[in-house]
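In what follows, chain A forms one complex with chain B and a second complex with chain C.
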Partner chain A sequence: MRVTQGTFSFLPDLTDDQIKKQIQYCMDHGWAVNLEFTDDPHPRNTYWEMWGLPMFDTKDPAAVMLELAECRKVYGGRMYIRLSAFDSSHGWESVKLSFIVDRPANEPGFMLERQERAGRKIAYTTRSYAVNKPQGERY
Partner chain B sequence: MDMTNTQVTGKDRYKAGVMEYKKMGYWQPDYVPKDTDIIALFRVTPQDGVDPIEASAAVAGESSTATWTVVWTDRLTACEKYRAKCYRVDAVPNAPGQHFAYIAYDLDLFEPGSIANLTASIIGNVFGFKAVKALRLEDMRIPVAYLKTFQGPATGVVIERERLDKFGRPLLGATTKPKLGLSGRNYGRVVYEALKGGLDFTKDDENINSQPFMHWRDRFLYCMEAVNRAQASTGEVKGHYLNVTAGTMEEMYERAEFAKELGSVIIMIDLVIGYTAIQSMAKWARKNDTILHLHRAGNSTYSRQKNHGMNFRVICKWMRMAGVDHIHAGTVVGKLEGDPLMIRGFYDTLLDEHTKVNLQHGLFFEQEWASLNKVMPVASGGIHAGQMHQLLHHLGEDVVLQFGGGTIGHPMGIQAGATANRVALEAMILARNEGRDYLAEGPQILIEAARHCTPLKQALDLWGDITFDYASTDTPDFIPTATAAE
Partner chain C sequence: MSTKESAGLPEPALPQSVNLRQEYAETGLADILDQLDRELVGLLPVKTRIREIAALLLVDRVRRRMGLTVETPTLHMSFTGNPGTGKTTVAMRMADILHRLGYVRKGHLVSVTRDDLVGQYIGHTAPKTKEILKKAMGGVLFIDEAYYLYRQENERDYGQEAIEILLQVMENQREDLVVILAGYGDRMDKFFRSNPGFRSRIAHHIDFPDYSDDELLRIAEIMLAKQNYRLSPDGHDALIAYIEARKGQPLFANARSIRNALDRARLRQANRIFASDGAIAIDTLSIIDAPDILASRVLKNANGADTSDAGKE
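Let's look at the complex of A and B:
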């Protein structure tokens, strides 16, 4: 399966050139670009690990690409890495764009557990197959 | 028009008998509205031979303190304060016989936090008043002091995006079709296919409640099975707008509680349940961390014709105050009524923090929204993947694009239809962010994206040329070259 979180997951994986153009778009709007990674891609896992602080003062997309290259050296192919852009202006103060820039070579996906309850009700639990292994050994 | 102040004062004002409204104090051309006044703009079409000023003063009178004759009991009140004051009347450009009347209402005329009370005054009796041939409420300025008495959207655009973990693109939805007749089991099939294929939301239609072919509990159970299956197979948060509209509040609460118990992120109501019921459901939604979708069922009965009823932008304002998170607000290019400039005005009303006067967009007043949450507009009705560049251009990225037929009618099935829409959308966002002229190059961008997505190619082949090109009835009164006051 393919985890389709993020803005561009239905397109072929973006090339570095395409990623750079998106970073430029974010910087043109004054948003802080941030890199995060995880090996727990549960749809409600909000807090991925941060690759350093959000790059509030970085004005050059190439600098972000360097950070991404460093991050990929450590986690590429065995973690999900996402790039997000944060808009601190009043009334938003949240993420404006977020997309996956690297993902594990093999994505086993999620199991849906059903706990049957009274009145045909079912309590659902989504569990990533990968998280059965300890953190760091999942992909 | 004689614009002079005609107010009668002192003892003469209260002499028993009938007196023109413009003499009773409802026409005050010198009045400067206070920051705390609620202001309404009406399009007044007086009966033949009726003075526009008198007709406008009558609207002010009948929507505030007046009755048809002088009453001495006015003198037991601070009646100067409680009288609504028509302070300005303009002829409508290019519309003989129609006038824009600006009317100011003191804040103390209204109960805090009650759309029902606000509307009982502003649109209560006055629309049936004999002296006017037709009457339309065009816009309102709601003072911050009054806005602050309302909860506003239970969730709002930003928190909704955070909860769904979806940023930087319009959300995608589809209404289950056929809208009536599917059993719960078959209905859930449509939901599953559409969500798995790439949509974020699916939706009950406005008239799906609890009918013989599918009772509500059955629908809720099957839909949540579909939502959870789709979540597990994509790793994304998904939702189905479970319509909790019912005959009584008690039944609506029961359905909403069941939706919550099943883990639904969103519920839905119809505009026809009424303003008080909507406010109650907004409180429920805030309390229970649920997004509240509003389908504007019934609005065109009073919002479409230009001379009578009320403009939809006023409904947008009231619904933002009442506290819904989603509202259908037009597509521009789809099958339902919608002039591009007017729809821009609706969207701005729902999304802005501060709206400026923009007569071309039908926005007559500056409106400060006082940090009330933003409402996500929903575009639904006759739209398809081939229009993606136009949709993004007209509607922006904070919108739910709902492709019902454009998903379910795909020749290769519902999943393929959903995938086509999602790929078209992501390709267009990518192109826009790269700085391409996506509106002009839209068809080319879609063809490029279709090279790696057969479902998109099939959708473009089937629907690429479908357009709904009819003249709108609700159009701007001010064309770009007009030099209107204010």
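Let's look at the complex of A and C:
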């Protein structure tokens, strides 16, 4: 099951050229571009690991693509890698754009667990098949 | 940038001939080259090389549009020359020139020295160098006094690590940034001898010649004009004498020595005006006269009596 989240979740994965253009858009607006990765695909998992520091003072997408290439070399095909752009201007101070740029080759998807509670109530929870294994061995 | 613009135009049928003059005018290249001629005195080999590079990039631009294969040329450069011959000044211009030619995308210049690239402990250098390289992407990275990167006497020096990262990026990301190394001639030679990889990855080795007396005089006039000063006829003669005397003394740093001399002449001029009583003509405020220059220690010691403090001039 293909996990989607972020700004372009409804589109197929962006190509490198398209990613470059998005980075350029972020830089034109003065947002700091940041790379993050994780192997826990749950949608509520907001704490992804950072790849290096956010790139505050780069002027050209080539710099981010360089870091992305490095990150892919290490985690490409076995972790989710996302790119996020942080707007530090006063009043915003938050992530303005974020999308997935790399994903594991094989995504097993999620299991829906039903828990029967008192009074015929059912509590639902989703659980990725991947997280049954310990961190670092999941994909 | 410029290639993108031309690609955006409605596609005309491929013409059989091209007007290079027209291309030349469109890029605004003439402006930059004229400006270079106007504002930089002398430096003939440098200007020739810049013209050659400009011509190559212009032709490449046309070739690309005609659908001929174009391989990104290597534009890494090394500027060598004595102190004060204009290496840094030209590097600043270079970023602008390459940007207008569409060779670099952003055209900013990141000027660094050893301190900015080399770390202080193990594992510090690589991130530091990479950070600088990332900052310079899309523009020009100018490494002043590049020979300090390599310290021969200490084989565990972290400079070597910075050099390796630099070389790798210079080779693999030629289209993303241009690296310019600058330094004094003899030391750069030594640096290249101990790092042959560097030498072969740099396509343009440009040597900055020393200035002649006439050129130094013209430089002085341009510097003064920029600050709204001018020389009186006597002052002019005094400056000629000064340049001749200063050249014979040790630690002569071409245009930089001249700039320092002019700064001191301004001090003396201010002092002279301040000491004079009564109203002064507005004109006097901007005229450097002979006494302002003749008071220099350089001329007093011109007969070789004492050059030990020539550095202070």
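In this text, the second predicted complex is superposed on the first by the 139 of 139 C-alpha atoms of A that agree within 3 Å, B and C clash if a C-alpha of one lies under 4 Å from a C-alpha of the other, contacts with A are read in each partner's own complex, and residues count from 1 in each chain.
Definition applied: a contact is a pair of C-beta atoms (placed from the backbone, for glycine too) under 8 Å apart; a residue touches a chain by one contact, two chains touch by 3 or more.
Predicted model only: the values in this text are computed from it and were never measured.
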Combined model on chain A: chain C and chain B, fit or clash: fit
Chain A: partner with more touched residues, chain B or chain C: B
A:96 touches, of chain B and chain C: first, second, both or neither? first
Touched partner set for A:1, first chain B, second chain C, both or neither: first
Touched partner set for A:122, first chain B, second chain C, both or neither: first
Inter-chain angle, chain B to chain C through the CA centre of chain A, in degrees rounded to a multiple of 10: 100
Which superposed partner A:60 touches (first chain B, second chain C, both, neither): second
Three-chain overlay, closest Cα atoms of chain B and chain C, distance in Å: 12
Residue numbers on chain A that touch chain C, as the complex places them: 52, 55, 57-64, 66-67
List of chain A residues in touch with chain B within their complex: 1, 3-5, 7-12, 14, 18, 21-22, 25, 41-44, 46, 84-85, 90-99, 109-112, 120-124, 126, 128
Interfacial residue positions of chain B with respect to chain A in the complex: 158, 161-162, 165, 167-169, 198, 221, 224-225, 228-229, 231-237, 261-263, 353, 371, 374, 419, 422-423, 426-427, 429-430, 433-435, 449, 452-453
Contact footprint of chain A on chain C as seen in their complex: 105-106, 108, 127, 130, 133-135, 137-139, 173, 176-177
